[in-house]
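A, B, C and D label the chains in the order they appear, each numbered from 1.
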Amino acid sequence: MDLNILWYLVPSVVMFAAGVYGFVTRKNMIAMLVSLELILNSADLNFVIFNRFLFPDSMEGMVFSLFAIAIAAAETAVAIAIIINIYRAIGSTDIVETNKMKH
Amino acid sequence: MFGNILIWFVIIPVLMMAGLGLCRNSSMAAIRTVMVVGSTILLALAIWLCVDFLALRAAGNDAEMLFTGSWMWYAPLNIHLAVGVDGISVLMLMLSAIIVFAGTFASWKINPLPKNFFLWFALLSTGVFGFFISIDMFTMFMFYEVALIPMYLLIGVWGTGRKEYSAMKLTLMLMGGSAFLMLGLLGIYWHSAPEGGELTWNILEIAKNNAVDPSWQNLLFCFTFVGFGVLGAMFPFHTWSPDGHACAPTAVSMLHAGVLMKLGGYGCFRIAIYLLPAAANELAWIFIILTGISVVYGAFSACVQTDLKYINAYSSVSHCGMVLFALLMLNTTAMTGAILQMLSHGLMTALFFALIGMIYGRTHTRDIRQMGGLMQIMPYLGVCYMIAGFASLGLPGLSGFVAEMTIFFGAWEDSDLFHRVFVIAATCSIVITAVYILRVVGKLLLGKVQDEHHWQLTDATWFERLSTVTLIACIAGIGFFPNWINETIQHSFLPIVQAIQNAI
Amino acid sequence: MVGNIILYFVVALAIVIFSIMAVTTKKILRAATYLLFVLIGVAIFYFQLGYEFLGAIQVAVYAGGIMVLFVFAILLTHKPNANAAPLGSHRKIAGILASVIGGGLLLWALFTMPMLETSEGVRSLSDAIAGGPDISMKMIGRAFTGTEKYQYLLPFEAVSVLLLACIIGGVTVARKR
Amino acid sequence: MGVTLPILILALPFFMFLLLGIGGVKMSRKVAGILGILGMGTTMTLAYIVAFTYFFSGDPAFILDGVRQQFQVFDVTWLAFTEKLVVKIGFLLDPICAMMLVVITTISFMVHLYSWGYMEGERGFQRYYAFLSLFTFSMLGLVVATNIFQMYIFWELVGVSSFLLIGFFYRLPSAVSASKKAFIVTRFADLGFLLGILTLTYFTDTFNFVDMTSNPMNVLAETGGATFMGASVLTWAMVLIFTGGMGKSAMLPLHIWLPDAMEGPTPVSALIHAATMVVAGVYLVARMFPVYCVVDASMTFVTVVGAITAFYAAVVACTQIDIKRVLAFSTISQIAFMMVSLGVASTGGVGDGHHYTGLGYMAGMFHLFTHAMFKALLFLGAGALIHAVHSNDYTKMGGLRKYMPITHWTFLIGCLAIAGIPPFSGFFSKDEMLAAMFNNNWIWGAWMTMVAGLTAFYMFRLYYLIFWWEENPDYAHHKPHDAPWQMSVPLIFLAAVSCVAGFIPFGELVTWNGAPYHIHLEAPVACTSIIVALAAIALATKMYMKKNDLPTKFKNALPGLWTAAHRRFYWDEIYLFITHKIIFGCISKPIAWFDRHVIDATMDGFAKVTQKVSFAIRGMQSGNVQAYVLWYFFGALALAFITWICLL
């Protein structure tokens, strides 16, 4: 018994499914962001896994993961800035409450 | 490009818009100056074009289109800005110029936002002129849309009554027609050249190639005819017309009934019939039934209306139905009659709407039950209204008679029972027309004054007189000397009738 | 070898458990903490797969940077004893359905993918690591600063611009007016 | 003959119309009146010159070997429908045209002159003269038409001038509705005319009268024996064309507009609704006479319509109270007389062997001429009476002979002329007509003799009720007096013409083929008609000369008949029913309703459905990110599922 590609992919799938569940069900925007990080991480992991097991000679998967991490960081920073701003405006981080922005 | 006279018909309205843009919103004098100068130049240009055209024809230039020019616009789809006119387009340009001219004076005191009103008005004219000079289907369609869109705002903002509803209805129905039209035009484009040839939007080339597959023609004919027919108020797609006209401001009603509805008829023969002659022969009967219904139905509907504008709108349904009806007879005489009817209806409806606007501006009602005896109070407007009415019911010496008679004599050339029945039904409309016209004249102008307040009203002002006199002069001009127009039109129909004959 | 497997099981279990807990817990701060564990687990996987630099970045950026942001944000917006409002049950059911069906489908696809019939498909981790070169910082640096094939100068610069934009955007958005 | 005079004859009245119509507002009444009268006088002079040149110059263009020719003075293209069907405007000079030129211009001039007195003080005096000029122009254009389409053009124009003049007092609702009725009824008839022209010219390929009438058998041949519903197409065409004539000439059942048309000013009634426009139908049949003769059925139709109308109108005339209506019905009856006369004529050969064949035509035209004169006289006389008494109603008159001697004598001459008493003009023309009828079929002769008797009766009833009977006590306050000279001169002139017109050798001048025709009185016919007329006059004298209760008794004896006749046999009610109940109520209103509530509602329905659907799916665009993710995710799943299905 040795670790092959499937071993690593299964936790990634679970992360992804959990992320989807969280994103759909959470009302707090920060919690949604947490779920989003899960999904992103599962994708990053997949890049790396496929790179390692199927194309060990090259490193594109890793490079893309690096980019993804950088962009995720940027995105999170902006998202959090926005959330804080919304909180200032309406006193809540509840996604349902943000409808108030329309009025 | 700027050496071609036709291009200027589009450039001048655009310049007018630019000029209006420079005016201050409050400066009525500047706005009026721009409009009057612009529309006068357009009218002069149209007359010049007409004279030039006739001179060229007299000199023996027998080309199908004169003053042609073509400039590539979008190469991948072979779209050109292609212009050219035959006798019919020249007359249509003339009609448009006259009505723009009259419309400017009819909306002399438009309120509020005069600048914006005239901006849209000029844009509308751009579309109309562009449509008539184009011989490239795509450009034609584009100008058609340019003419339609301002209508929404003009009615929605400056209209009266249920204006938003009417504007929306008018725009949506006409856009629905455009959708059909676009399909039809695209279909024609994809079949515009024989296998392997270069596809083209140019009407003349398509007609020359005559490559539209017969099995496709029927479908495309229905699309294009219905598409243009909606604008020509064909039964049962006419209901935008009464509401739209009733709510539109005066100049817009004039331009819409006077010119825009003509776009429908013009497109019907220039594209549907000319480019798809086989289908025209085969399917004419369906549309003869529909337009025949339009003619009688519109006239009967007009008999019981009480709003002046509704009466005229239904009358337009009847008269424009006559245009399409005559076109579908597919012979030179009837089609010539159709064009004459377009000109005649354009002028006389414009006159009607102008007068209704003037009367409404004074009495603040369009309900004929609340008015009466206006002839005593405003004799000038009353006489003009009567002249318009007589033109509408086909009095000899005015344009309506010439048009209707040409149509009837042309339509009578088909001797089978089907055509006979429908032609007789259509001729009956002249009696019904007399009924509703006299009903209005009797209630509105003659008899006792209904409302004592009306005694304080005044007769026409100078700009109103100018507007009406221009139109009446043209109506009487056609009525008295129809033959030169008739010959010009007949000559222009030769290639079209030839195409129809070849397709049988 | 066995250590590797044991490590794998520990980490995999942690990732599975903590990711599920992160999305089900009611307290947001806890969710962030569980996410931190998951991120560290993922970083360990990166190490295990032989991408040390990536793992380091994961720890530094995610566990170090982003998590701090999260915690600050949560503390800034958190009202004491304000738990997340109870969810509508149909939304919950839809979420469960979506995740279960989606996850199930993915798992099914994983276990039935035709690649498993090939030799690459069943390659073991040690073979895979042995099959590839060691990834040195030099290689990574070359990859990011060259313009040849498999070199990524342009995206790199694009990301730097993005980050700059982000900094400015973040400051602008969060600034008190 | 040059073209100048004929063109001037048409152009002058039209110019006067424009001048008075546009410039009239700025003119004083006097200027406008004098201009109108001068213009008309000049036109009359020109018309006389043309007519006399035609009849008496002996120019071979006009008369060749003793046969009068049809001469097209000019014929210019107006509108070319097709290469062959070309509408021209021209001037055709032939006997009936020349005669009509004289009749129209004379009466029009008399009416112009008369109106100067009659219309004095009316508002719109200038407009009135403008309309009179327009009418004269249209009527002249109609009679000089070289082709049937030109005739149709001017036919419509006279219709509209008639509309304008009937509605001259447009403040009165009754005048407005009368003018409307006149226009619409004649318009309806013109529809038939138009269809007839369409049908006829479809086969002949020409509008020209000369082409059609010079060889009528060709016309028949060109239709190629086509039939429709049992009758030949040519019959249909001719009957349809005659429908137009029925409308203008107020034949049953299209007569209803004429009595109402009396709402117009009385001189107008004299000009348009007695002397000129209403005989347009007769003129039309005369114009197309050879073609009518080709198809017997159409001729029979003309005769039967004429005979029924003549009798009907005569009966109704006996019961009317309004003097102008009596005259109107009398006009209908007399025109019907002419129709019958034309109907019994035919295009036989020339010469004594076929003496009677063309007699009806000649007699009809003769009567047209004499009738125009004496009927105009009667109407103008009635105008003078109305002017004096300010009422149309004979119950407000009575015993006027002492107050208005000129009117009395001229009116009497008119009555004698229409009654057919020699030596007044009506006797001669009526006698010729009756002779023609008797010759065709004695039934027509007898029937029309009876109508002639009725004519004498109702005319003298009218005469006695106006001038004898008993004086209206109102005269004490308002003493009626004779009209001013402008009105008396036309009366005297027309009376003089009525006295002598019978001696014009009409047969030498106007016959259907231009060949002269010698008139000689038919003693038996003449005696019968004189006896019948005298008897009728005697009866009228007995009943109406002095106030007595005979009329009341008579009325009470036949109450149903009297009321029915008084109400004109309910034709108006029938028409009202058809127009209001059926056309407005059962066609127009439902169509308008259908338009609003079915077609428009369908269109609105499309809009509503679209709107409903958009509202329904608007919830999906809620702005809720989580919902979007769900949708997106399920969509991706569905795609995966589909891919899977496809891969299987």
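Brief remarks on what is shown
The criterion applied here is as follows: contacts are C-beta pairs under 8 Å (C-beta built on N, C-alpha and C of every residue); 3 or more make two chains touch, one makes a residue touch a chain.
Small disclaimer: the values here were computed from a predicted structure and weren't measured.
Of all chains, the one whose Cα centroid sits at the greatest distance from that of subunit D is C. Annotation: 68 Å between the Cα-based centres of subunit B and subunit C.
Rounded to a whole number, the gap between the C-alpha centres of subunit C and subunit D is 102 angstrom. In whole angstrom, the spacing between the mean C-alpha positions of subunit A and subunit B is 62.
Taking the mean of the C-alpha atoms as each chain's centre, subunit A and subunit D sit 96 Å apart.
Counting partner chains per residue, subunit C shows two or more touched chains at residues 91, 94-95, 98, 102. Shared interface positions of subunit D, defined as residues touching 2 or more other chains, are 626, 630, 633. This structure has the following touching chain pairs: A-C, A-D, B-D, C-D. The touching residues of subunit D, counted against subunit A in their complex, run 623-626, 629-630, 633.
Residues 77-82, 85, 149, 153-154, 156-157, 160, 167, 170-173, 176-177, 180, 183-184, 187-188, 191, 194-195, 198-199, 201-202, 583-584, 587-589, 591-592, 595, 599-600, 602-604, 607 of subunit D touch subunit B in their complex. Subunit C contributes residues 91, 94-95, 98, 101-102, 105 to its touches with subunit D in the complex.
Across the interface of their complex, subunit A is touched by residues 1, 4-5, 8, 11-12, 15-16, 19-20, 22-24, 28, 31-32, 35, 38-39, 41-42, 45-46, 49-51, 53-54, 57-58, 61-62, 65-66, 69-70, 72-74, 76-77, 84-85, 87, 91-92, 94-96, 98-100, 102-103, 106-107, 110-111, 115-116, 120-126, 128-129, 131-133, 135, 139-140, 143-144, 150, 152, 155, 159, 162-163, 165-167, 169-171, 173-174, 176 of subunit C. Listing the residues of subunit B that touch subunit D in their complex gives 168-169, 172-173, 236, 238-240, 242-243, 297, 300-301, 303-305, 332-333, 373, 375-376, 390, 393-397, 401-402, 405-406, 408-410, 412-413, 415, 424, 427-428, 430-431, 434-435, 438-439, 442, 445-448, 482-483, 486-487, 490.
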